[in-house]
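Two complexes come next, and they have one chain in common, chain A, joined by chain B in the first and chain C in the second.
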Partner chain A sequence: MLTYLLRRLNLLILTTLVLLGLLYFASLNMPGDPLTTLSGIPHPSEQQRADLTETYRLEHGHIQGYLAFVGQRLSGNFGLSQASGIPVSQELMQVLPATIELSVLAVLLSLIVGIPLGILAASRRGPLPKILWTGTLLGFSVPIFWLGLLLMLTFGLEWDLLPPSGRLNLLYDIPQVTGFLLIDIPLSDASWRGAALQDAVNHLILPTLALATLPCTIVIRTIRAAMLAEMDKNYIRALTARGVHHWSLILHHALPNSLAPMLRTLSLQLGQLISGAIVVEMIFTWPGIGNWLLSAQYQGDHTSLTGGILVVSLSIIVTAIALEIAQALLNPINRKEIHG
Partner chain B sequence: MARSWLLPVLLAGLLTGCSDNNIHHDAGLVYCSEGNPETFNPQLTTSGTAIDATAKQLYNRLLRIDANTGELQPELALSWLVSEDQREYRFVLRQDVRFHHNDRFVPSRHLNADDVLFSFNRVIDSTHPYHSVSGGHYPFFQGIGLDRNLLAIERISDHELRFVLAQPSASFLADIATDFAAILSAEYGEQLLRHGEPERLDSQPIGTGPFYLKDFLRNRHIRYARHEGYWGPRVELDQLVFDITPSSTTRVIKLIGGDCDVAALPQISELSVIQRYDDLAIDARPGLNVAFWAFNTQKPPLDDPRVRQALSLAVDKRRILTAVYHNTAVSSKGLLPPISWAYDPNLPEFPHDPLRARQLLDSAGYSELELNVWAMPVSRIYNPNAIKTAEILQQDLAKIGVRLNIVSYEWGGFISKLEHAEYDSVLIGWAADNLDPDNFFTPLLSCDALLSGSNRARWCDPQFDALMAQAKATEDKATRRRLYSQLEHQLQQQLPLLPLAHANRTLGRQRKWQGPILHTSGGVDFTQLSKEP
Partner chain C sequence: MANTSLYHEDKIPSPWHQIWRHYQSRPSAVVGLWALLLVVFLSLFGPLIAPFSAEQQATEHLLAPPSWFADGSVDYFLGTDALGRDLLSRLLHGAHLTFGYAALIVWVALCLGFVIGTLSGASKGLQSSVLGHLLDALLSLPSLLLALLFAAVLGPGAHNVFWAVGLALLPGFVRVVHNAIHEEMQKEYVMAARLDGASRWQLLRYVIWPNITDPVVVHTTLAFSTAILDIAVLGFLSLGTQAPSPEWGSMVREGTNNVLSAPWTVTMPGLAILFSVLATNLVGDGLRQAIAEERG
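== the complex of A and B ==
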């Protein structure tokens, strides 16, 4: 197990270094002064130029420069945002929690809804499985931007039931502690925190629904496929023969064994999920990293852009590897397969 | 499995919520604004976004312009006296005016003459320690030449001052009643100077206005809270938030969703959407603005008045009014909009005559002509869609054989590139800051404005300049009206720019809020709002 973990860790480090290499190469070749792109200072003075050249070791060849870049970025220095002059890391701290809050809720929702529906879809009786199957096909093929717009137009604008945009009514001035509203609001001591929490939840509903659709269908489909395969196996037959109750069979035996394939598929879809989050943020003006990245892109703020890409990609890599480790823990066979 | 009931219960608790207390919600207002203010000091800018976020919320001026009548009213000055020769103005200040305080600064005294001296000397005195802080540009004051015309300001007593002008100026009082002539705290300025951080004066403002700045998060929001020591009538709002939302569609969506109480600058095509909701309303005021097509008169072939005439004759304004303004604007004959008192109703409409345009071009010797037009990338009050306007111009000019290429950059770059005057022509406009007609001429067409950068036509004509100066210095209204009419006629002959339209100023709001927000003189003001009982 230890060698397995070390190998994963190795992979993490290697991937990160390659990623940083790509970003470094991109930074040097972006339009404009590479010093500006790296540091985010729009028009560095002579003194600043000298300092920055030294910090990023630009005169010592690409290798040294790359190592300096890696050192700076990994120690948390992402440069300044060219648009606002604020450190990129500080801006990231503002926008990341919003995205994480939305994505975690969407994934939770898709698990809570998807797993039971997946079990139901695996049943061999009645019309329900067929209906669910068709439904997932639909959810699978509906483009997320269309679904998001549809939700916003109907629930947000036409029926005026839920807020179609934003994260919280700005009149609620919640002091930022963790950046997660669902945590910060209960933490604040304002007398109106109940109303604020209600408002935050209302704002969350539509974007979470839009974002949860794709992972939810993935969960249903993989759970169904795995359950069907599992139910045909001999140990299930043996247990049935011993008179174990059908539902206990499903919940205690077949389902745990079906979770591993679901996790694997989900982790393969992480990139999709993040790009979905960016689209959803755009539609619902969610003040998260997707919106922030797009506005950095629009304003030609390459320092923010590379910083944001680094953080997004890193979080995908880390989550993917964490999921893989979790799978290995769940199912020792996976480890064996990797080791051959 | 025993805890499996917890989650649904928690979720249900979240969803049903506990709407125990909504009082907080009631006394605050969210205004969805269109962008970040580049400064919190109105002296330093002419951008409407920055003025909206600062002037009427954070500051006061010596005088103010009445929102309805357009007349001058006392604000920080209780009264004023004008000398015989129109060159000296004496002001008596209010005594009970308190400044804001924040974490770094607590005022030790009320407003007095020193604050007024500090605020104006910063602009007019190049040796003032603050003069070159934050760039040292005072575009409004430099554009109207006040930085040179205002010779000196003398302190008579703690609450009395005298302003001395080099030349009499009929618009002086109106000029210092504009949103730009805010009064800042001298004491705060001194403290910042001692600490070596003078730029904070313009980014962490201290004023005397009805609200003080709580915090500003770029691209997110500006929070204001009620200034409890405000000298004026009590303001009903206890907090005011600007939700910075650059996309106009998003502003309308937030207005419908209820996250915005007031939404700035809805696009004209969105007005009908707002009208569909019973709880929403649209405010419109005839705007003190003009959209125009400015020709770079220093660049051949546009230095030839015949070419400018020909190009102008080719333009079909009616199509622009329909396609760009959806008929919510009036076609302009000259620079002055119909609500200005100096507007001349007898001024002829500039004709649309492509045939004569072609003849003029031939006589000027230009059989083929290719020009560029710079079009603003963003929507402004005076022109909601400059790019579309440019496309219409393009089609119109194609009919007389002129090729027009449309150029656009993002707004920040656009404005800074305009300064270099590389364009042949530009579609832009002007929103006036006060009701004085001079505000439409000197900032746009004087030689002074060439330096301060607001003269987009690069037009500097001594005779025209003299006439503008005369009109500005004259006190008698009838004479002034005649002089401005003369200026408008000359404009139609010389055509350094072609006025296109005067747009209405609009905003969307929740019906539950009552009271005026828009001022004829520009800017938004939330002090008179109250909630429907």
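== the complex of A and C ==
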């Protein structure tokens, strides 16, 4: 087990270094002064130039420069935002909670909806499997930006049921503690807490639905395939012969064994999920990292852009490896695939 | 009556022929294949059958509704956009930008991934590990982030789409080929061929490659539908092809400006994307099922 963990750690470090190398190479080749791109100071004075050249060791060749860049970024110095002059790390702390809140809710929703539907889709009778198969096929094929636009148009504008954009009505002024509105609102001591919470939930519904579509279809499909494979195995037949009830068989024996392939597929699709989150945030003007990255791109703020890309892809890497370790802990067979 | 001369048949159906027989027995897969062929035809010959050019503006018919509306006209079958451009013509002109470009990218990624995957899968130890894991760093970068990076370095344009989507697809292909070859190498028939004195090249060409086509074909159809969706997303965020181009994703973006008065400017290009991705997925699903039935 220790070797396994060490190998994963090794992989984490190597991927991070390759990623940083890619970003360093990109930063040097972006239009404009490399010093500005690295530090985020638009027009550095002579003194600042000298300091920055020293900090990023630009005169000592690419290797030294790369090591200095790695040191700066990993110690949390992402430079200043060229658009606002505020440190990029500070801006990231502002926008990250909104994205995490949205993505976590979407994944939870897709699990809550997807697992029961996946079990139902694995049944061999009735029209339900066919209907669910059609549904998942549509869910795989629909472009997420188009789905988001349609949801916003029908529920947000046409029928006026839900707010079409934003995260909270501007009427409510919630002091930021954790950045997660669903935690911050109950923590605040305002008398209109209930109304504010209701408003926050209303704002969440449409983006969460749009974002949950893809993971939900993945969950349904993988659970269905895994359940069908499990139900044919001998241990299930033995339990049936012993007279275990059908539903207890599914819930206590087949389902736990089907969750592992689902987790593996979901962790492979993390990148798709994050892309989806970025697009959904842009459509619903959700103040998260996706919207922030896109506006950095449109404004040509390359310091924020590289910082944001680094943080997003690092979180994908860390989540993927954490999921993999969790699977290895739950299921010893996975540990054999260390070379993977 | 059962055929008694089974072994005297001149023609033994090839594996692909048998898969095709399984494929044909699924109506949804056959419908998907026809739909896919239609999209391929339109992306090849769309500009020839389009009634107007992609940029022609009918100034007296701004935001004309589709022909089935009471005030629509058959001349502009799917209606016009805010500049009076015919939506049907733009969709036909844009088919090769979304669909054809996806085919090109998948083809290049498949060839490159096949070479790298073969090299890493057929070798052992450090070489295999380096080649196999080299691209894993890219796996954590979805095409959207790559496109943001490329757009910042190279400036916006269609080449971003090529690099971003291609690089995002490549690790998947390498992975599939690497794993498939690695798995086949453990089997005894490969050992038998090696004991017969087959060289490394002969082993790959005649023994292993014919046996890894199934996973590669299935992954290619998956990658193809991902590529279409990714290209459309990049067009929608205007990170790829730029404004006047009739790429389907960027058409949706242009439509959002008038979405309340003219919803068809958003729904039509969206339906075109949905249709082509759905056709691809139907074919992929049918192929996967047919291969699974054939392999028992």
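Simple rule for what comes next: the second predicted complex is superposed on the first by the 338 of 340 C-alpha atoms of A that agree within 3 Å, B and C clash if a C-alpha of one lies under 4 Å from a C-alpha of the other, contacts with A are read in each partner's own complex, and residues count from 1 in each chain.
Convention: a residue touches a chain if its C-beta (ideal position, glycine included) is under 8 Å from a C-beta of that chain, and two chains touch if they have at least 3 such contacts.
Owing to the predicted nature of the structure, the values given are computational and were not obtained by experimental measurement.
In the superposition on chain A, see if there is space for chain B and chain C together, and answer fit or clash.
fit
Answer with first, second, both or neither: which of chain B and chain C does A:L157 touch in the superposed model?
After superposing on A, A:L157 lies in contact with both chain B and chain C.
A:E59 in the overlay: touching chain B, chain C, both, or neither? Say first, second, both or neither.
neither
According to the stated criteria, A:L137 is in contact with first (chain B), second (chain C), both, or neither; which is it?
A:L137 contacts chain C only, not chain B.
On the A-aligned overlay, A:G194 touches which partner chain: chain B = first, chain C = second, or both, or neither?
A:G194 contacts chain B only, not chain C.
Between chain B and chain C, pick out the one touching the greater number of residues of chain A.
Of chain B and chain C, C contacts more residues of chain A.
Just to be sure I read the superposition right, which of the two partners does A:S275 touch: chain B = first, chain C = second, or both, or neither?
Once the two structures are laid over each other on A, A:S275 reaches chain C alone.
Figure out whether A:P31 sits in contact with chain B (first) or chain C (second), or with both, or with neither.
second
For A:E46, select first, second, both or neither according to whether it touches chain B, chain C, the two together, or no partner.
Neither chain B nor chain C is touched by A:E46.
Just how close are chain B and chain C at their nearest CA atoms in the overlay, in Å?
6
So which bits of chain A does chain B touch that chain C touches too?
Of chain A, residues 157, 300 contact chain B in one complex and chain C in the other.
Of all residues in chain B, which touch chain A in the complex?
It comes out as residues 7, 14-15, 17-25, 28-30, 214, 217-221, 223, 239, 241, 243, 245, 247, 250, 253-254, 256-259, 277, 410.
Can you name the residues of chain A that touch chain C in the complex?
On the chain A side, the touching residues are 11, 14-15, 18-19, 22-23, 26, 29-31, 137-138, 140-146, 149-150, 153, 157, 270-272, 274-275, 278-279, 282, 293-294, 297, 300, 302, 305-306, 309, 312-313, 316-317, 320, 339.
For a test of understanding, state which residues of chain A touch chain B in their complex under the given definition.
Where chain A meets chain B, its residues are 83-84, 86, 94, 112, 152, 156-157, 160, 162-166, 169-173, 190-192, 194-195, 197-198, 201, 285, 287, 295, 298-300.
Could you list, by residue number, the parts of chain C that touch chain A in their complex?
129, 133-134, 136-137, 139-145, 148-149, 151-153, 155, 168, 225-226, 229-230, 232-233, 236-237, 239, 249, 252, 256, 259-260, 263, 266-267, 270, 273-274, 277-278, 280-282, 285
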